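Can you read through this structure? Questions will come right after.
All chains are identified by letter, namely A, B, C, D and E, in their written order; residue positions are counted from 1 within each chain.
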């Protein structure tokens, strides 16, 4: 197969590469940075980049959720936590090289194995490219609240219980007990 | 009464006794002891009745080897587990033996003061296991009872034992359980190939034997597993090392029960499960085990010669004698196998007697080291005479049970005319000399000869021992009534078998008629 | 016949009953009651035995030309095999000439010992026990000789062994007695093992234990054995018959203290003297001879090589024992070696014997049995006499004796002298006749054996008279000043007299008419002829021996020591019994105990058990070793997790 | 011409293992929690990509991602609560401070 | 849209109603909360009883097979209900004494994790399964941290939640790959497509199993187990070790049977390795423990390996014996934990060496503990032996004799450490043994129930027969 670089030089692909670079670069920085607050910032950009990837694949709704829930809520939560923990924002982490080395080794092993497998698998893409039509909001609504095949009313309900339980759990754990007060 | 209920009585009576004992207050030791004695007497009576009934029902022409068979479904469906009972001559003999050892064991434990109730509860659990094993003809229940009988040993030794008891108890339990791990695998194999393709699998050994649907390839794998599994309990070389330590640390009656009855489970199982259910592999691999058991016989006897602890001597002697049991079983003919069963009986009785006596002597001198003892015949003549009788039984004196068994074994074993068998049979014969050596060594050292470390103060003998610089005086006395009951019971049984072996030998041989055909 | 059948069980049952009664209730009785009870019981047994023997020899036993073999009763005791009825152990009563003779021997000697012991053992602790064991012994010995099958014989064989053990260890407080008992039991047991193996081989082929089947003869063969075993090989290279018969002989050699199993007998003298008289002189030790005689047709026809070997072993043993007897100083030891020597004589006789009674071919057999009989009487007498002497001087050692002839021990002296003359082979005492016939038989068959045995006869005369002179003459011992020797009580002297009467008048056929002509291998009557040349020669040899003894030991002198120092080497090694005991001791203590047993015990504790312990140790150590894997660090857990995923996945790829 | 699906998978895989790396190498618990978020996001990319490229007819992948986001949010909430709890007890949230349960 | 489908989820509906009632009651009752516990336990008991009596009839699939139910599912939920009931009984005294403040939350969280397990069990696709799993995990972390006074509790919770998150990330990675290769998340459709095992599928599968293995605490995904078990409040440890584990095992089995039936070779290979590791490592670690809760953590790791033997067997006997094993293991372990919690609460002691001489002062507790240990060690006639024996029968049927052999040898090792506890209680002497304990009634009641079950279940064959009769639903 002829590999023609030019063929790939579409806006779509360039966007993908840029976004991927942001995602991976920020992700890497997020785990490598020695200051936790910076790491949170990098994480924020990573999540942002991922939202961009979703957009690129025409999943606007998901991108929105990603931005609002993840970037909006989770990262904020994390930053709150960082501030709650005194001095944490100013501390620098010193991680020994050997620990990093071992972690890197395990990760690289995993990456190599996964990629080798993925590339040998020969996944045949479906006819549809990444730029399929947008997903209709109506459809998303039906999917989330329907009870038929590929519809997720049950999950929706179940996750509500999950959220409730988690909130209660988080509150119980986070509140100070009488003695501590 | 249905057969099921009748045979189950052997399990039910100890169970009821356990309940009664459980309800009795633990400080009422007298009541506990008398309950035990009464219950054990009931069991003995049942065993006697069973024997008489069996002899009455037994018909030499009848091809069915088992009598009083009955079965109740337990786990139906795919597992097909039944609670099946039945006895043949071999199991009747074993039940009789167990009943005798149990009742004498009760009397031998009469003087236990510490945690009496718990002691007897475990004792009863052991008895349940033993009786259950002998009445069962379903592999699952057999295995169940087998392990029920094993586990009480741990606490019996650990709690009421002496010396390095924790180590010994753990070692014994783990080795026996290790054996039963092998055994379990064997049982699964037997079960899995218990019926021809397409039929329901079964645990019932009669049916399995009848179906005989296991191929030789599978038998080759599962026979050794099963045989070794039971062989561990039968103290087969090189899996015997639990025996010396375990016996040395166990309390008197526990040693009695363990060597007297529990080790028989091994031999019985080897015969009943491993050999009769997988005869083809047995024929093929018998030589391996003949070598091992042949080694056991001689090796145990030689080891016994240089031990200094009475219980060790006896434990190694058990290795030798039990080795002879397995050895004889592997000869695979009616004569030798009858001898093997007789040897089990005989060894059970005389080892029980030995351990009982050692316990009684140890109870007073607080040492079992033969270098520390001497001339006890003058101090406790009754016990010492009993000891001599036990010794004579052990070395195969005619008129006592050991002789009958050994002779049957040797005559039966000699039916194999090839050099290999001949060699091992003759090696086995040498054990009767070595046995004499170590028995007489003990007799000469501790019973005969001048008094050693014994003081006589005003008509009372005291054993003088020094411990940590302190001099102790332990009062010595001859047997008291419950000790006499225990020893007399055993001696009478030994002599009864030794003097009139005919009936029991015929009873056993009758049930073993099929082996000649099976192992042809 | 019917009466005999009716009475026969008494021979076994009564001693057995006595054993039980005395054994269980003995302690509740007064010693004398127990003694009398035992003696009375034995008297009945003796009467019955005599009655059986007499009615056999002069009554129903004689059927035509030969004496029949009667089975008086034969009860099944234990079936060895369901398929082969021959392999059944029976307890029965086989009456034929040799068993009838043995009945007489045993009951006579046993009764005498019972009576004698009343005096000798008087006041001993364990008197009742002693009588109980005597009864047990009598029971066992009776059972042995009347055995109808070889296994019955083996059973009683073991029982006599154990009663011997119990009697030797009668003084169980004495370590030497205990050691001797152990030695006796173990050595004989060792030999019994061969006996057992021999039985097993024999019964494997012939499929029977019964003597009547085994020894049935037709033509020139012991039919059954010949048919079943001829050409068979044991272990692939040993001829089955010879092996079996040799092993059986070894059993007998053990009981009869043949070289190299002789070592137990001298030590067995630690037991009470009357018991030695009964067991270790008269009855039990001849069991081996009896065994060979019982199986004689098989030996003769099917295992002639073994029979020859028996002869040579006998000859060697008799010479060997006689030499040792010459230098022993313990009087019971001298008698013990003399016993060994004399029993060996019987084996020699059997070894040179033929089968048929025509032309005196079976003279060896007959003379062997006859010697058994006469020897039992005079040797028992000698032992009991020795017992009286020991009783009088409180020592076994010759050095504590001397000049007893003048010390009012007249009865002892005379009976002892008579017995010495008998054993030396001086006519007309019984020993002369039996020994002479043995020499004749040997001379007919094998000159070497004859010469050897004649020499032994001389030695016998020498050492017996050495004993005699040393005890009764020599010079007065100093210890008598403290304790003057005196004659034994009546109940001890009467048995001596009875036995010496047997010894003196056995040649008068009118008194003792049933031997020896009626005891032959083929159970026909033998016409004995008197060979004056050989008789003369043997008497001459005996006289030389006596003369030498007289010269050396009549009075106290230095000659014995001088001679001893001249042949110092021989003397010392003979007095150490040629170091056979030391060799045994070395083998048992150093090689078997120190080498094999210790090694096995060590191996067991350290290798086998060590391996089991090591399994546990390994598990525990590896458990400790991997503890740090659970480091408590969350990230290491994650690392383990992810590596686990990667490795397992990788492994699965590889395996698929 | 569009990039093949593998390109997307490379991104997700790399992100996943960056998360793994972070989980193993970060020092404090919040950092570790952040790494978990990276891991979950990598998975989400996978779901979306597979959905978009291979099985565009149904919304399974996307919905899955949606719920993963929901669960992740809930999870972070509880995790943060717990971390704060730890901080309150131990005055420290480095990984080494929670190593007292071991062996 | 057919909302009536919810009606087929009787267990879930009932439990959700219960949760709502408890939430309201908690609000209404205010600070005092006397009787709240009794009310909660009573209601849950009613729920349990209802589970046995009525819920079975409406069993069936719903939501286009996303929710699956059958008699077998009903049974396993009932078993979990019983277990939870016992755990609640055991925690009664703890709540009264130490957790007055958050008792409502305790019940709410516990029961919501139970609901999560229901979801897991009944899931028919990976998404529902995932939600169920998280619902069972995340509130559990809060429960682990419930002991406000203890540093260890906080540590344990932190380890638990972070490892859980990590593990669910890995599992999701696996699920995403499964989705990628199969194009569906419904089990039956995955089963249809997941036929030939490509490396990607294997990777996906291993990742997925890792996630489940975390819940079941299979080696090497077990590391959290010991720390969390040790740090968590004892009743939560019991809950984790039994209920959570049982649910996960069943789910694992159900998913393997439903979603990967045609690639048994793959998952048998994977499980083979994991089970061997689990049994061996669990045993080796258990041998050297000093803290009894930690000891039981490793014991439960090893037991998990044994339970998985029924799963790997992959046949009908395997299914029924696994459930039987779960049932018996539940009673056995709860009996042990009941005793531990009594001793912890009354004497404050958790070290094995503190148990020395327990028999002399508290014979009843010691005996019940011993029975539980014997049952765990597979000693007859206690139930544990039956379950072990049966599960081995299933394993043998599938021909994995090597694995069976390893498992059997390891039973000996496990017996060793169980006997160590027995030894401590019965044989070892102690100068200061735990004083005589007045056990609280609810806990002792729970323990007695468990002990009776441990003794009796093996003998009552109808229980197994019933399990056998319903377990065909998975095949």
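By definition in this document, a contact is a pair of C-beta atoms (placed from the backbone, for glycine too) under 8 Å apart; a residue touches a chain by one contact, two chains touch by 3 or more.
Because the structure is a prediction, the values reported are computed rather than measured.
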item	value
Shared interface partners, meaning chains that touch subunit A and subunit E	C, D
Centrality ranking, top chain (CA atoms only)	B
Pair of chains joined by the greatest number of C-beta pairs in contact	A-D
Whole-Å gap between the CA centroids of subunit A and subunit B	70
Geometric centre distance via CA averages, subunit C-subunit A, whole Å	102
Between subunit C and subunit D, centroid-to-centroid distance (C-alpha), Å	96
Distance from subunit D to subunit A - Cα centre to Cα centre, in angstrom	7
Subunit B residues counted as touching two or more neighbouring chains	174
Sites on subunit A at which at least two other chains make contact	99, 102-103, 106, 110, 113-114, 118, 123, 150, 152, 155, 159, 162, 166, 169-171, 173, 180
Sites on subunit E at which at least two other chains make contact	127, 131, 134, 138-139, 141-142, 145, 157-159, 162, 166, 170, 180, 199, 203, 226-227, 288, 416
Set of all touching chain pairs, with the criterion as stated earlier	A-C, A-D, A-E, B-C, B-E, C-D, C-E, D-E
Complex contacts: residues of subunit E adjacent to subunit C	158-159, 162-163, 166-167, 170, 197, 199, 202-203, 206-207, 210, 214, 219-221, 223-224, 226-227, 265-266, 269-270, 273-274, 281, 284-285, 287-288, 413, 416
Subunit A partner contacts - residues on subunit C that touch it in the complex	635, 639, 642-643, 645-646, 649-650
Touching residues (chain side subunit A, partner subunit E) in the complex	113-114, 117-118, 120-121, 123, 145-155, 158-159, 161-162, 164-166, 168-173, 177-180
Of subunit D, residues touching subunit E in the complex	16, 19, 23, 29, 32-33, 36, 39-40, 42-43, 46-47, 50-51, 54-55, 60-61, 63-64, 67-68, 71, 74-75, 78-79, 81-83, 85-86, 88-90, 98, 100-103
Subunit D to subunit A touching residues, read off their complex	1-11, 13-22, 24-28, 30-31, 33-35, 37-38, 41, 44-45, 48-49, 52-56, 58-60, 62-63, 65-67, 69-78, 80-85, 87-88, 93
